[in-house]
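So the structure is just underneath, and the comments pick up after that.
Chain lettering (A, B, C and D) follows the sequence in which the chains are written, and residue indices restart at 1 in each chain.
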């Protein structure tokens, strides 16, 4: 048996880590909730697992998403993750090949060059040796970059990098020490044993000229083992917990496990998967003028530390820009929302919110403008005009009274209350017999689509209007106006509707693209999700977003959300219009008369009295 | 502009009492009643000024208009020369004429007033006589009053009042020809009809409440109900 | 002797010297925009919840400012947090945050 | 020595200043951007609080222009001014440049663009009009059909549209819309005797002579209703009828009401035409963007640029009477300043 006392710190650290991880993960898996076990069992032997494995490779080792943010940053992450991973795997192969047996002491590959002092003669062993040196160099280049990033983060496209806690700094110091120490230990050993390769051997020879290498080697191996063991002990308490957790998270996610509405189980997997890379910081529009150190990376850190986070949880636009770029793919806005959840929850007076009275609905299409629509009557009026011209029979659900879809309460973390409020509308929709529900408000849309779980088709008006155009129900004049489209958060990032509005707009004029569009689209500042931000601060965001969209002096800024329209109008030089308004302006009304004569075909808005 | 509003406008007290209120609230600030009741002369003026019949009807059927003590403090303060107190009088009159007064607890007390004071005027020529302050209905007067009440003739003699006797002096008996003159005045001016109206509306209400209202006086269930009932909701 | 329902009527007049300044001090600290309200009522007029019940953000702000804390018990829970009040306010008052603060400060009392 | 005084703007303030400068030996040049004088006054029918005929007033203002030393140039868009050897060089959009010894800015005001308050539906619903559009109807006697038939109509007057409103970016009180609302309510009641008019207000600022009396008259003699509450939104229901939502703050209840016509009382906002001039001279502005004088109390007509003066609504919302008084005060300051300049 190959043994030396210096392996003890490493073994102890490793053992400790395994116990802690088993205990922690066991607890979280236990909290996944009912049905999770069945779900995992059912998915285990399906394609989902393969897909998850691929994702683990792409994200945990190669860090594809980080590459997309900045290639140098991506290389830095990849060199550390993939490099270290390969160092372990290849090291194992090397040791196995050398000893001729697969099973050997688990620490043996790691301290291989300490135990195997004879210079390697065979080509294969020399190849392994060179490969290991190469990997070490690969990792060390990453460590050097990381060091450089500490001092100059802008070099990797990050205006701000994470301000770390002292615990994280300790773990970081240990991590950075591991590889230089390994280099030194191996070089010193190579200095007297000659078992090094292209990196370690010359360095060893060099050191041998000035240092008593034989005497120094063992203490440095001790140091290497201590640092390695120390890092593993520190790992569960530092941001490096993300290394093992992220792998599990990817599998669980692919198997269809979702976080519940409290910080437990799956939420912990997400929470501990945050590597505190800080990429989210720059994406946050509240940064840096309005508030510092409140971005997701800090929020998750406080949450993980079990600190009071109510204030932090509320100080967020919930725009989802950070989530879009998060390399780990954590459902960040959801974590923020569920942290807003109040203990005393269900105290809303549900009886105060009467349902939409049920008349005999004979229409197949329901139109729901949304409560914000009453502040942007241009959109409502345009939709009425378009629907009338199209000849579609429809019912305007909230023409006279505004009803709340419940999403504002949900975003504020008052889930039970949101449920109660939405119940009434849901009943009216379900029992209406209609097959299509069209809404002008992306917030309502998200709510109807994801939370209501109704049988009928739920469409945002941009989807519906495109259908009407494609189906020849309405025809529009094309123009040559230069348009810029602003993606509303709730429609784009949250609901994935990007193409339909653009398709409509290309029919109406020429669409100019801006850099921050699609998933990267800016928040208009109107954010329903941020409850504590002051109007002055909102206006800062509104102004900068409006200025950004106006950069190429378009003729008109198009959007598809009443709240975005309202927010951008004040500061925009060019007019801000909803897609429905643009269509209504360019509507060809030639068929209109035919419809008008057929009175029965006309939409009839039912008076809704309560 | 509704029916009730137009009827109010026929009342001189309304025309004089409410010209153009600008909702400054000084009447409410000075009002002794507003200090204790949920009573707000400003709001009443505003309601009437809006000429909305629905809310005027609500007002006429409520306890609110009966909280006013008609002290007319409001008249002295109003910067626009309005008199909410006069407006209240007009509202009360309309409430009596429409029969809405029976809808509220304080309004129903019109019946007791009609029976006690109304009867007293017509039969004796006096609004108020000591005999009307029955200790059973007025416990607040205490035991001394009860003794006085039981020994009224002797006490009156002792203090030198010409109590219910012919000739001059306080509380003397009113001559029959004078009494019939008073009755005639009531007949001609519509006072009798007005009393009759209150009687009729009250009797309807008494029937509705399954209480007997009697033909005269206060010795009946409806009278004692309206006289003594206090829901405790007046604040 | 008849049964008499005498009650001693409490004064309806508010004594501003005795007003409860605790809540306004705390809320004013957390959300100073409460002092900017001019009582125009546009919030209550646009309010989605107020269409169906007697909820009135303006009245709540007024009650807090004049220390009539009792009047707003249970009121804040009627808010649907739709944020339209803030969109129409001519003085940029963050009404939603005021209501959230009331809930937080008053805790169980606010129910 | 005779000097040139340029007056930018031929509205009431510009005309009155020119008239006041008539007795001086200086040459007065009025630069008017439209092709006739009178500014906003020419689109106004009757003036508060005494229903004086606006066209009569305009006529008398134009009549008092001195013939001997004044000149009016129409269709002149002034866009830039520079300081040059103690004088001011006025540049027109046409390319022409005029050297002036003194300049009086009487550029007036813009009316608030009511579409900016989209929730009120101006430009979306045909029966939502502005106070200035209503005045235009009175001037041209051209009322839409739905106002002619003599049936009872319900009309809402919405106060403070775009004024005292951070959302509209205007923190100032335009101060004249209150009395305009009262005046127009009376006019509507006179014109449509069966109509009822409701004024929705936050505060009624009846600061001027006879304003409060007119308010009282509106209530007593014309039965105009006043509801204290700011309108939050207007929605069109069937047949072009408009549902107005407000809180009746005095009774503490939210309310809705259906109207046939809604008149938005739009206020005065800083004139955009003055903005480029102010920018070229780095002239300071007040909070809302009106041109700022050196001292609000004691030198309200003077600016920090020597030889540049202000008169009328370019510096704050003013009534006609105040504008005219202000113009005269500015004229006096100009004469004083030119005298001082001569002595140096």
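Remarks
What we mean here is this: a residue touches a chain if its C-beta (ideal position, glycine included) is under 8 Å from a C-beta of that chain, and two chains touch if they have at least 3 such contacts.
Small disclaimer: the values here were computed from a predicted structure and weren't measured.
Geometrically, the chain at the heart of the complex, using CA-atom means, is C.
Taking C-D and B-D together, the pair of chains sharing more C-beta contacts is C-D. With each centre defined as the average position of its C-alpha atoms, the distance from subunit C to subunit D rounds to 38 Å. Taking each chain's centre as the mean of its C-alpha atoms, subunit B lies 56 Å from subunit D. Per-chain CA centroids place subunit A at a distance of 75 Å from subunit B.
Here the CA centre of subunit A is 53 Å from the CA centre of subunit D. In subunit A, the residues touching two or more other chains are 374-375, 535, 566.
Among the residues of subunit D, those touching two or more other chains are numbered 119, 166-168, 228, 233. Counting only residues that touch two or more partner chains, subunit C has 46, 51, 87-89, 92.
Of all residues in subunit C, only 31, 33, 46, 48-49, 51-53, 55, 74, 77-78, 80-84, 86-89, 92-94, 96-97, 100, 103-104, 107-108, 111 touch subunit A in the complex they form.
Interface residues of subunit A facing subunit D in the complex, by the touch rule stated above, are 374-378, 380-381, 399-400, 535, 566, 569-570, 605.
On the side of subunit B, the complex with subunit D involves touching residues 1, 19-23, 42-43, 46-47, 49-51, 80.
The part of subunit C that touches subunit B in the complex is made up of residues 1-7, 9-13. By the touch criterion stated above, subunit A contacts subunit C in their complex at residues 310, 314, 342, 344, 347-349, 352-354, 371-372, 374-375, 401-404, 406, 408-409, 411-412, 414, 421, 526, 528, 531-536, 566, 610.
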